[in-house]
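Quick one: this structure, given as structure tokens, is what I'll be asking you about.
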Amino acid sequence: MSYLTKSPWIIHYDASSCNGCDIEVLACLTPLYDVERFGIINTGNPKHADIFVVTGSVNEQNKEVIKNIYNQMPKPNVVVGVGICACSGGVFRECYNVSGGVGELIPVDVYVPGCAARPEQIIDGIVKALGILDKKYKDSKKGGDFK
Amino acid sequence: MSRRIVVPFGPQHPVLPEPIHLDLVLEDEHVIEAIPSIGYVHRGLEKLVEKRDFKDFVYIAERICGICSFIHSVGYCQGIENIMDIEVPKRAQYLRTIWSEYSRLHSHLLWLGLFADSMGFENLFMNSWRIREKILDAMEETTGGRVIQGSCKVGGVRRDISDSKLKDMVKDLDILSSDIEDLCHVFFDDDTVIHRTKGVGVISKEAAYSLGAVGPTARGSGVSTDIRKTGYVAYADLDFSPVVETGGDCYARCAVRARELLQSVDIIKQAVDAVPSGDIDVKVKGNPDGEYFSRVEQPRGECLHYIKANGKKNILRERVRTPTTANIPALVKMLGGCEMADVPVIVLSIDPCIGCAER
Amino acid sequence: MDLLIFLILFPLIAAILMLLLPNGEIRDAIVKIAALIIAVSSVYLFIETFGKGISYVTIGSETVGMAILLCELVVAIFIIAISLKFRKYIVAALAIVQTAILVYAEEFASVETGFLNELFVDEFSVIMALIIGIIGSLICVYSVGYMKGYHEKHADVKDNRKLFFFVMFLFLSAMFGVVFSNHIVWLFFFWEITTLCSFLLIGYAMDEIAWKNAFWALLLNTIGGVGFSGAILFILVYSGNGDFIYLNNLIAAGPVFAMIPAALIAFAGLTKSAQMPFSSWLVGAMVAPTPVSALLHSSTMVKAGVYVIVRFAPIFELSYIGVLISLVGGVTFLLASAIAIGQSNAKKVLAYSTIANLGLVVACAGIGTQEAVWAAILLIIFHAVAKSLLFLAVGSVEHQKKSRDIEDMSGLISTMPKVAVMMLIGIAGMFLAPFGMLISKWATIHAFVNALPPFGMLLIAMIAYGSGITVFFWAKWMGKLIEVKKKSSPLKKEATSPEMFTLYCLTGLTVITCLLFPLISGFMIEPYIVEVYNGTVSQLLSLNNMLIMLMMLVLILLLPLSLGHFSKGRTVVGQYMGARPGVSGVSFAGSMGVTKEVELSNYYMEEFFGEEKLSKTGVILTIILLIVFAAVIILNLPGMVM
Amino acid sequence: MTFEFFTNSSFIGAVLFILFAPLIGGIVMGIDRKITARMQGRVGPPVLQPIYDILKLFEKENMVVYESQNFWILSYLIFIVVTGVLFFAGSDILLVIFALTLAHVFLILGAYSTGSPYAHVGAERELIQLMAVEPMIIIAAVGLYQVTNSFDTAGIIQSTFAPVIVLPGIFLGMVYILTMKLRKSPFDLSTSHHAHQELVKGLTTEFSGSTLGMTEIAHLYELVFLLGFLFLFFGTAAPLIGIAVILIVYFLEVFVDNATSRVKWQFALKSCWIVTAVLGVLNLLALYLI
Amino acid sequence: MTIEEQKYTDIMKEDLLKNVKDKCESGYRLVQIGCGKFGDIFEINYSFEKEYSFENLRIKTTEGEKVPSISDIYWGSFIYENEIHDLFGVEVTGINLDFKGNLIRTTVKAPFNVKNVTKVKPEKKETAEKKTEDN
Amino acid sequence: MKLFSMTKTIFKTLGRGPSTIRYPKEPAKRYEGTRGQVEIKIEDCIFCGLCSMHCPSDAITVDKPVKIWTIDRFRCISCNSCVEACPKNCLCLNNVYHEPVLNGPLTESFTGSAEPAEVSSEN
């Protein structure tokens, strides 16, 4: 186990979500769910983050924003898409301004379906992501991808 | 050489739950210019009416926003019901009122937390949200959803609340109100909070009115406007008056919301006392034909659903004018000449909800 | 010791040569040679006198004495004439008063002064001579490159480089005179020459603002001159014989007699070293070409001011007059530092920092204890080296960037890496451990804790606040230099070769003085103090601490090696811009469809550190202090007369 | 009394500091986070969380805007260690303070060197903080000298009676300053542990991976150093009381962190200076009356 | 069960400014400006309120015609006018804060001016296809 | 006007102990009425397609000829609309949320033969 799994810092971005999933992500940080138990901190800065939590779907305008955040995250990192919107575009999938789930833009490692996704579900999702994070770290060490 | 600092504030910024951006031009930390811009979460859902049956559109209406989700569905349904002349059963109207006020409680607590966070008061944030979870529990138990309630439909509501549950809810609220009072005390009295809110982002009564500010933003400046006073759903039967503060600053806007928490508790109690028995919905036949401006009071202020239909299954136009949209001009005015540290506080003080502002 | 005379006369000869030679290679070469000779001879002087303590030189010629008095009169007449021409009647009046006093004293005082031991040299003089000789002449070399560029860029300024170099060398000559004079009238004569030189240099551009500032400097300095001549008058009138007209005798006389003349001369020193309320002239002097500022600030002019105060420091030990002088220095230090925060003009920042640092020296000298004097001399040394480096570096940047604003130096490390690094070293020298000024500040605190309670504590408080403030304005400047928004390739030629040469030398000096500081302390300052205070010096800073300082310095010099390690295997990504779309470099898509660029300016906090408000406060405070000062002197007078 | 750097005891002090300060600092901070969480009605992270965080950072990719930023941060870390080493080896306390300032200037330069708007504002604010606390620290050093007649920490600590008895004002002033030094609310102006509502991450915005790890380690060293500084006010004359008081003070810091919102820099600067003047300078002057 | 009486006044575009000014002077606040496209006609509603009495002015315009901004009368109207411009492509002249089409940036220019802009078949996810359908 | 008005709340909170649900160590709290995911009793389904028609996010597809009922879990918003639309009451919404998955889309098909329902997850 690498220490990455003991101290995953997250960054959350609201692609075009309806707020429902956002506030549930935030709720995870608050006393009832308290993800700091797992060492999780909401850093708000891509350069410090290990996990990118995206809510909502991709649209033309935020495409670049999501990419910018993703590209500024040091490796290894994982992406968690929270909510149906992030999975597929959800109810808004057919809107003219929505191009679909986050997976169409950046590689998503864990999807958390639900509308709105429940905090417990989000915690599950992040825990799953930790496994992937660990794996990515080990792979990269073998491959020597980064320093 | 100028001494300007230009900071791209947002769209991704930890204090902004939703993306907006501001181009901050600072001198030291004094804001010289701050032009906000939105547009990151526009989905274009109003256009979905062309695709969806007017009855099914309510599911989309409630996903305009995950915070006052319920009130959006009320606004939409109410519009259709008015066009079609549907008489919604009284019990349904009362339940709508109760859920609306629960939404307000949840939304205001959420906001108080975010607001506290915006000035770096983490504990206050945590404690606000701790209390809010109790509200969400009640919501989930009665509607099946924590944030997207999905219990309003054209012609009434989809779930009933048993009378005993209603009583329990009131009991829980009583316990909660003492916690809420403790919390409000901090917002009202704490020196460091006052340091961050008093005199920050002042907007005068006249300015607030002429800029078309709504909700707590307007009421914080002394404009007594509260769409609940038009008496939609069951508000006509209940006794309350708009909460008004006169400071016009962030402190006043915060105070309005804090006091509204207690007001909502009171309204819920009145409604529970008065809720009649009977059906919770009526059957809806036919299609709407006509137009209507449906106005409801969301936690953030007046929200307007304009519906125009021509007797088809799909309505012609649904327009949502959300409170945040109406408050943006006031926000632009507030930001002029503040300090950089005030920017998050001021932005949050209108309780911006970009999701619904852009739809 | 002909060397002393040589050091005074040689620059004078060089100066006159300058007047004769036309612009061109030849003169440039001669400037360099003369500078070299001056520097070498000052070093030679150091070697000659090393470990010898104080020694005197007697000219013993009535004629020279008379000549000096005559020259003095010529200078006075020149000042009066030019003041009248420009209708600066107050200056003229003051000059007349001062001359009248002097003439009266010389001619009608009842004592025969005689001529004996007119010049002298001791460790302190040698230190000053080294500063003048090395730094002053380096600045002359720098001017060769700089002034060429200056005139290319300022077509409207009349090319008067002949006069310029004449005055520069004259200045050096006068400064040597000041530090070598034992005869106070001589001292005063050289003193007046420096006033005149600075007047000419400040007014070099000959436009309205230059004249205005030049006259302002002249006015404040003649006020000091009046004080100085008052001191001479006092000595001649009240001393039983002419002996006290000699510095060594006067100081040896102790506070009972020497207090009043010392106080009056110190007052003149306050004006010359630009202490509040007289500080404004030095700020105004910024209109002059940069080498002039460097010269005024680091090795000449203001140093003459503090030199005399430090000379008289033993007199002030534990006296109220001394405390008052200290307080003037302390207030100046605190407020001038604070004002520097609000400035973005690099030269102004440097000017205020000079004023502040001199304030510290004055504060130390006023306290007058052994440690305090030790600290004061250290301050003078380190300040001279680092400050001249900074001024000249700013000058070179100014030539490239066409601006002397610190904001325009943003990212200098990428466009002018060499100058930027030297500037960084200079700035570090001004406020960071283990560099020079910080050592002095440290010594100052050590000195003040033992000084005349409770004033020592008051001064400590001023230093405490002042040093916080100092950190702020220097560090933000450093930040500006290394803050690269977008990498760009460095300029091929950052400055002319004389300029670069000077900068390299001064950078080297900054580092070397820090490295050698234990030696400087042990072999130059301590012997002086032993001599003046007739005793052994207590261990000022333990050897241990000095060693630690040295180790820190070495560490800092070694750390840049790590850069090599860091240049490999890092992922390079742009700055965090709120994930704004449309980002390329530091520009981003702003509201309303406009592309904007990040701008980064420092904080100036003018609501707290506004120049006007603080200067006013400083002037009022120091004027009050000076009024008390005057009152104390007047109260002491009757006792003296009897 | 006088300090000899190369004697055994000071050498041991220095080595112990280098080896154990991060661990102790990490645990103190972990407990801090735990208590904070409890105050917020949460469970909170494991006590060793700060150490996990740091270890994690060294597993991450090092992302930089310019390579030179790492140089400044390395210097920052080294000089924070030097500060602590000098302190625990019993060196001149003014020297310690200057080394601390130097270290912070390196940190600030690191932030500046990235040319990032958020780091820039963070750096400016950090400088303001530095300017705000500097007077108090110097005055504390002078106060300690006045009481113990020694500038060496080795000498101060052996004072025959606890300096706090005559330096109550200065001690309180130091406690006030400590909030700022620990970057705790209401003075977490330049950066903070969680997301910073104004500056994203302020000072540290552009640091990542091992660079950020180094700043965190430096933070731990500094924490231990600061607590050690407070201990000087008790010294060997009252060590147990000293430790007890420091624990209480630290708890109060956590409490204050939780009970206040962030203030603006104007207030931070003014209040620090006023506190310094009222508690520090007056205390110094009062020493003469005793 | 009408809660609020719906008052509409149809006015000519030319009279807009005058009518709005009247509203402003008699103490109304601007609630919203909303547009809808019905057939080829753009219907723009200007909603006002005074003491809970809710009234509308309505103008009609067609493609290519310009509509004057009321931002000189109601400063805050820019937000609605920009929105109408961005979503419907109606040109509003003289807005005080003109975002020039950058308030709500959409993939499809003026989406509400285009029929059937949404994807008909949900299976088709590719943006490319979506765009072809848009036309 | 006072400092530390938070004191009471802080000490109350300290005294009360953390309100955290230690999920996943403790089970998640759920209510009976919580809207989770759609379940189908495929045996009862007549493949009329009403559910599909009323689904606001087109999560359901019904293929009448081959009797396949498919739901895309990545689209379902748990709105209950289909349940209300179904004439045979063969749909219901349970109160369990779908667990996070590593990749999508996540469709489940049910075939209406007499055989046990076949569940498949295609990629």
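Letters are used for the chains, namely A, B, C, D, E and F, taken in the order the chains are written, and counting of residues starts over at 1 for each.
Here, contacts are C-beta pairs under 8 Å (C-beta built on N, C-alpha and C of every residue); 3 or more make two chains touch, one makes a residue touch a chain.
Being a predicted model, the structure only gives us computed values, none of them experimental.
Chains that touch both subunit C and subunit D: A, B. Nearest to the overall CA centre, using the mean of each chain's CA atoms, is chain D.
The distance from the centre of subunit D to the centre of subunit E, with each centre set as the mean of the Cα atoms, comes to 57 Å. Centre-to-centre, using mean CA coordinates, subunit B is 27 Å away from subunit F.
Centroid to centroid, with C-alpha atoms defining each point, subunit D and subunit F lie 51 Å apart. Distance between subunit B and subunit C, defined via averaged C-alpha coordinates, is recorded as 65 Å. In subunit F, the residues that reach two or more other chains under the touch definition are 3-6, 10, 13, 18-20, 22, 56, 58, 77-79.
Looking at subunit D, one finds that residues 37, 39-44, 61-63, 117-118, 120, 194-196, 200, 205-206, 258-260 touch two or more other chains.
The residues of subunit E that reach two or more other chains are 97, 99, 102, 105-106, 111, 117-118, 122, listed in rising order. Within the complex formed with subunit B, the subunit D residues making contact are 36, 39-42, 117-118, 120-121, 185-186, 188, 192, 194-198, 200, 258-265, 267. Residue ranges of subunit D in contact with subunit A, taken from their complex: 33, 37, 40-46, 49, 52-53, 55-56, 59-63, 193-196, 200-201, 204-209, 212. Of all the residues in subunit A, the ones that touch subunit C in their complex are 13, 45-47, 61-66, 68-69, 71-72, 74, 146-147.
Chain contact summary for the complex, subunit F toward subunit B: residues 1-6, 8-10, 12-13, 19, 29, 31, 33-35, 54, 56, 77-81, 84, 93.
If you check the complex, the residues on subunit B that touch subunit A are 11-15, 17-19, 39-45, 47-48, 51, 59-60, 63-67, 69, 110, 113, 125-127, 129-130, 133, 136, 145-148, 353, 355-356.
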